[in-house]
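Shared between the two complexes below is chain A, which has chain B as its partner in the first and chain C in the second.
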Partner chain A sequence: MQKVFNNKLAIFLFVFPGILLFALTFLVPIVLSGYYSFRDTLSPGTPSAFIGFANYTELLFHDSRFWLALRNAVLLGLGFILIQHPIAIFFAIMLDRLGGKAEKWFRTIFFIPCVISVVVISKMWLSLLDPTFGAFNKMLDSLGLGFLKHAWLGDSSTALVSMLFILIWAGFGWGLLFYYAGLKGIPDDMYEAASLDGASGFRLHWRITVPLLSPVITVQITLAMITALKQMETVFLTTNGGPGDSTQFLAVYLYNKAFSASQYGYANAISILFIVVCLLATYLSNKLTRSDATEF
Partner chain B sequence: MSKSTKTILWVFFLIVALVQLFPLIWLVDFSFLSSTEFYSSSVLKWPSDPQWQNYINAWVDGKFLRYFINSAFVTTVTILLTVILSLTLGYAFTRMQWKLRSVFFTIILLGIMIPIHATLLPNFAIFKALGLTNSYLGLILPYTAVSVPLGTFILTGFMRSIPKAMEESAVVDGANIYRIVFQIIAPLTAPALVTVIVTTFLNCWNEFIMASTFLSKDSLKTLPFSVMNFAGQYSSDYGSQFAVMVLTSIPAIIIYAIFNEQITKGVTAGAVKG
Partner chain C sequence: MNKKSTRNILLITALAAVSVLSACGGGNDKNNAGTNTGGGNTSGGNAGKEVTLRLFSNLPDRKSGQGLAEQMVIDNYVKENPNVKIDIETLAEEPFKNKLKAYMASNEALDVTMVHGGAELNTLVQAGYVKELDPKEYEGDKYKFLPGVYKSFTFNDKLYGLPRNSDYEVIYYNKKLFDDNGIKIPTTYAELLEAGKQFRAKGIEPMSMNGKDLWSFAAFFQDLVERVSGDQNLMLDAVAKKKSFTSDENFTKAAELLAQARDTKLFQESFMTADYGASQNLFTQGRAAMWYMGSWEAGMATNDKLPEDFRNNVNVLRFPVVEGGKGKDTDLLAWNGGGYSLVSSSKHPEEAKKFFDYMMSADQWAKIVWDTGAAVPAQKYELSGKESELQKQLTDVLTGATSTAGAIALDSGTPKFKDDAQNVFGKFFAGGSTPEQLLAELQKAAETQ
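Entry: the complex of A and B
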């Protein structure tokens, strides 16, 4: 047995291709990004001057957009954790109680938005929220709430909230599926024991389901923060960070800096800070949630 | 649960499902309207004269078939590579004994946390220098690289739960390491492999940013482009735009309908054992 597990050639064959691919598309680019982040360059390969940490000091101390993008990501992450996930947990519990064919059907239906392409989702919501023909404003009209009509994505005071709404709608199915799967792993006798002790309804779930789901919740919170930080496509295709940077996110910002504003060096500095922020967020949310979860 | 509670729950779910699917229902509905009907005051509208022409425009001018074939090819190759690499990496990380195991495992897992968008700029420069932009490989390589970390993570979680006795009896029967991995371990990890396949499928099939950065040649473009190309060309013809959006969504929904059960099983297995 040991001989099989120690097979050096097999280990090499199993690991090398994956590591090579990973190095070529992740590690080398990051090193290259780091190199360009110290230069004042307009596009890759053009001759450029070494400017040290100038891009970084500019970003950290003089660029309010960078901080705004970071703030928006944090708000989005909090939105996921405080709005999307509680709803998903609630629906997972209800779905689990429904049973039978209906359970399967509704589970299938709730996941459908998750399989739709981000391009379709973005263009669809742009139309739905369109101030002239969008269904959303028409609905407000027919409910007699016409005074609330709005250019939802076009007004800087509502754009971020609208974005949050779109993203919660689009990602709800994944959250639901993970919590539902977690619920299926909780043995029935736990509930039986608790109902014998007199717990029922809401109390039963608060005392039994939520604590037993905590490993799933922990992972989901970390994932929610990463998802929020990495957010790009939907924003890029709907508001492109606007109006007036109200929906700015790091990935959108760096993309536009590189490809529209031709500030390639600066964009790479954003890339490097972006990676640092993501690693830091993962580390922190792991640390914070782990200590919580240990009591169960 | 009493029958009446069940009925209330059922009705509640039905309403929520309708609300949640409303945007898609609206999309399908309006894809059959002519642009003049868009501005009427009703939220949904029964098409008086269904505009099938919208779908013909979508199919022809959206270059639907060409882009569909590109998407299918890129996605299939990516899934194959992802499965093989995640399986072998996962096995090497859980069972094989070697010195740098935990170091390499951590490096691979970094891929889950590092945003792909942060590597977009340098990758564009590298791919351009290597002549990989405007090639299928220019999409397959980064798509696989993004999918492997998550795949490896899911599979290592699953493999840890497989008893070692499986391999021991195989060794006694004279199987070598490659047969063990591909003929014994691979079938045993099937539920987790399905999760890997489905998440990889959804990510690649719908991916847009990398594709739009690395591709400019029309003959190589993937399905999301049929929507993007259309927006400019038919800027005021919303009916045709909506038709192309409906067409683009159908393949993914069909695939999902077929594998729906396995997706849940796979996620359940992952959530319980991972």
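Entry: the complex of A and C
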């Protein structure tokens, strides 16, 4: 075995397919994207002219839709971190304490939204929030709150909030599962020792669970930012960025620019900025949440 | 975990991965339309070599309406040419448009594709993805195309596709809902809004609209502009920057009328999230009294999947006149939108052309689509006497037209204009911007296209 690992040819043969695949599916498209972002092309293969940074200056200084899409993505990321994750941690702790058959049941129930196809979820929420026959408005009616009835996704004043709610709801199971797995890794004797010292309830979790979960939280925050930036399917299927631009997200905007507006060069400029923003978000969230991992 | 079970798990995962990969390769929505029907045809001698043609279409419903008509043409062709198989791939309207661009980008070897005239086709032409056609070949009795129907398929005086339908916007209405509620069928715009208020008071959605797709708003606006100004070209000229949206009072008046439709809640409550199918369902299920849509929906009256009660009551209304406006109700927002093109990267160019010509000949698509009541063709057709009531009304609208627009304004600019303008209408309807803002932003969209 040792012989094989010393053989340069063998190393090359084993590693090469992987590198080739990576290059073809990741590096080459990114480089091509960069190339097209400097041109005014309609699609690869159409006649095009080199226009320098024109696409970028247009995007950064004149395109309010781009900034709106970016703002919405950041809002969604914050929604994930500040709303979804605390709730997920809370439920993970509750679930962890439950034990036995009930634990398994609830774990499954919480995870159900994550197994359902995005298309189904989108259509389901479209019907639930429908102003005419939607269950949500019907419920408001029966609670005597009929005056709150609304075209939730169809009105630009409420569309973004409704969209954020749907996305936070749909991703809840994943968050829960990660934290739950993290919790299972914390040894019980930590809690026993702490409760012997007189700690209990909220304090117990604030002092033990949260710090010990911090590696998971760090990863989760990074993932949340990236997920928020990449958000596409649900938005595309429910509002397609509308009404107006109120639920516009970067990936949807990019897609529509490339395929509906036939501004392929421009869309590639968006995609390059998109990569930059994602890298920046990863860097920032790592920087902000860096702490020395607690050993136990 | 012991070694054996680890190995089993790996094996299962590998199998799963492989099956997923192969599923991807299979493609979705594909069905083998042209299964070889002529058993033992090899003895025929003139059967030629086996070819499989690829057709890409925006008609996913193969059992009724235009999808059925398209399928019948294909079946006819395959029957006459047993050596040809036709693989057809279908997607609904919006996904279709997007995937076609993806196909264009990768130079996918389709043979024949459905195309939308105007801006959409122009992109394909610029990319060199579709073939130029010789208009002389399509003159005469075999094809019987109506005069002027090539307009949105012609770029720089070259023809790149053939229209399949005559398209025009009408208002479909459910007569029973009007009668049962004692509401007058509107002939003026004020009456239309009034009917809307009355329906809303009775808890019935007045007019169904596919607001998520946005293009219907632009058509509705173009109709209003014509009714106010009496000029079919005004909006097209504004898109072409020969006139200005902001300095012509006809636009101001039309935009105010559009705001009235929004403010009196003429459209169904969920109109901004309703796509084509959703808006159609609302109407065909009798939950909305009217539907603003094109003549290509003639098949509703003969589609036996729809409730009989609805089919017997669906009627057609011309877009109403506006008080004080110069337009007549016989001025028609008509154009030729959908059609077919030959794809340049086709692997079987000769066979593809043969099939294309067959499909476009007057006794195939045009005849079938008329006989089945699916749409109004772009070719001369004779009444068979078996037309549905809806078809007769649609024919009356077309033959009674005193002027036609020739193009839909949204499609007459660049795709960027279309995207921007649609967004402007979306904001107007959902966000409540003023008529002045609407026009200013439309002007900006036209200038920056």
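The rule we apply is simple: the second predicted complex is superposed on the first by the 279 of 296 C-alpha atoms of A that agree within 3 Å, B and C clash if a C-alpha of one lies under 4 Å from a C-alpha of the other, contacts with A are read in each partner's own complex, and residues count from 1 in each chain.
Assume a residue touches a chain if its C-beta (ideal position, glycine included) is under 8 Å from a C-beta of that chain, and two chains touch if they have at least 3 such contacts.
None of the values given here were measured: they were computed from a predicted structure.
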Across chain A, the partner (chain B or chain C) reaching more residues is B
Next item on the list: For A:Leu153, decide between first (touching chain B), second (touching chain C), both and neither.
Entry: second
Q) Should A:Tyr264 be classified as contacting the first partner (chain B), the second (chain C), both, or neither? A) both
Original post:
Which partner does A:Pro44 contact after superposing on A: first (chain B), second (chain C), both, neither?
Top reply: both
If we overlay the two complexes on their shared chain A, which of chain B and chain C does A:Thr239 touch? Say first, second, both or neither. second
TODO: Name the contact category of A:Leu229: first (chain B only), second (chain C only), both, or neither.
DONE: first
**Prompt:** When the two structures are overlaid on chain A, which partner does A:Thr209 contact: first (chain B), second (chain C), both, or neither?
**Reply:** neither
Quick check for you: in the superposed arrangement, does A:Pro131 touch first (chain B), second (chain C), both or neither? second
Dual-contact residues of chain A, meaning touching chain B and chain C, are 44-45, 132, 255, 258-259, 264
Counting only contacts in the complex, chain C reaches chain A at residues 97-98, 101-102, 104-107, 119, 123, 126-128, 205, 211-212, 214, 268-273, 287, 414-416, 418-420, 423, 426-427, 429-431
As the complex stands, chain B meets chain A at residues 1, 6, 9-10, 12-13, 16-17, 20-24, 26-27, 30, 38-39, 41-44, 85-86, 88-89, 91-92, 95-98, 104, 107-108, 110-126, 128-129, 141-142, 144-146, 148-149, 152, 164, 167-168, 171, 176-178, 180-181, 202, 205-206, 208-209, 213, 223-224, 227-228, 231, 238, 241-242, 245, 248-249, 252-253, 255-257, 260, 263-264, 267-268, 270-272
Residue positions on chain A within touch of chain B in the complex are 1-2, 4-8, 10-11, 13-15, 17-19, 21-22, 24-30, 32-33, 36, 44-45, 91, 94-95, 97-98, 102, 106-120, 123-125, 127-128, 132-133, 135, 138-139, 141-142, 169, 172, 177-178, 180-182, 184-185, 216, 226, 229-230, 232-233, 236-237, 250-251, 254-255, 258-259, 264, 267-268, 271-272, 274-275, 278-279, 282
Per the touch rule above, chain A residues touching chain C in the complex are 42-47, 65, 126, 130-132, 134, 151, 153-157, 159, 238-240, 242-246, 255-264
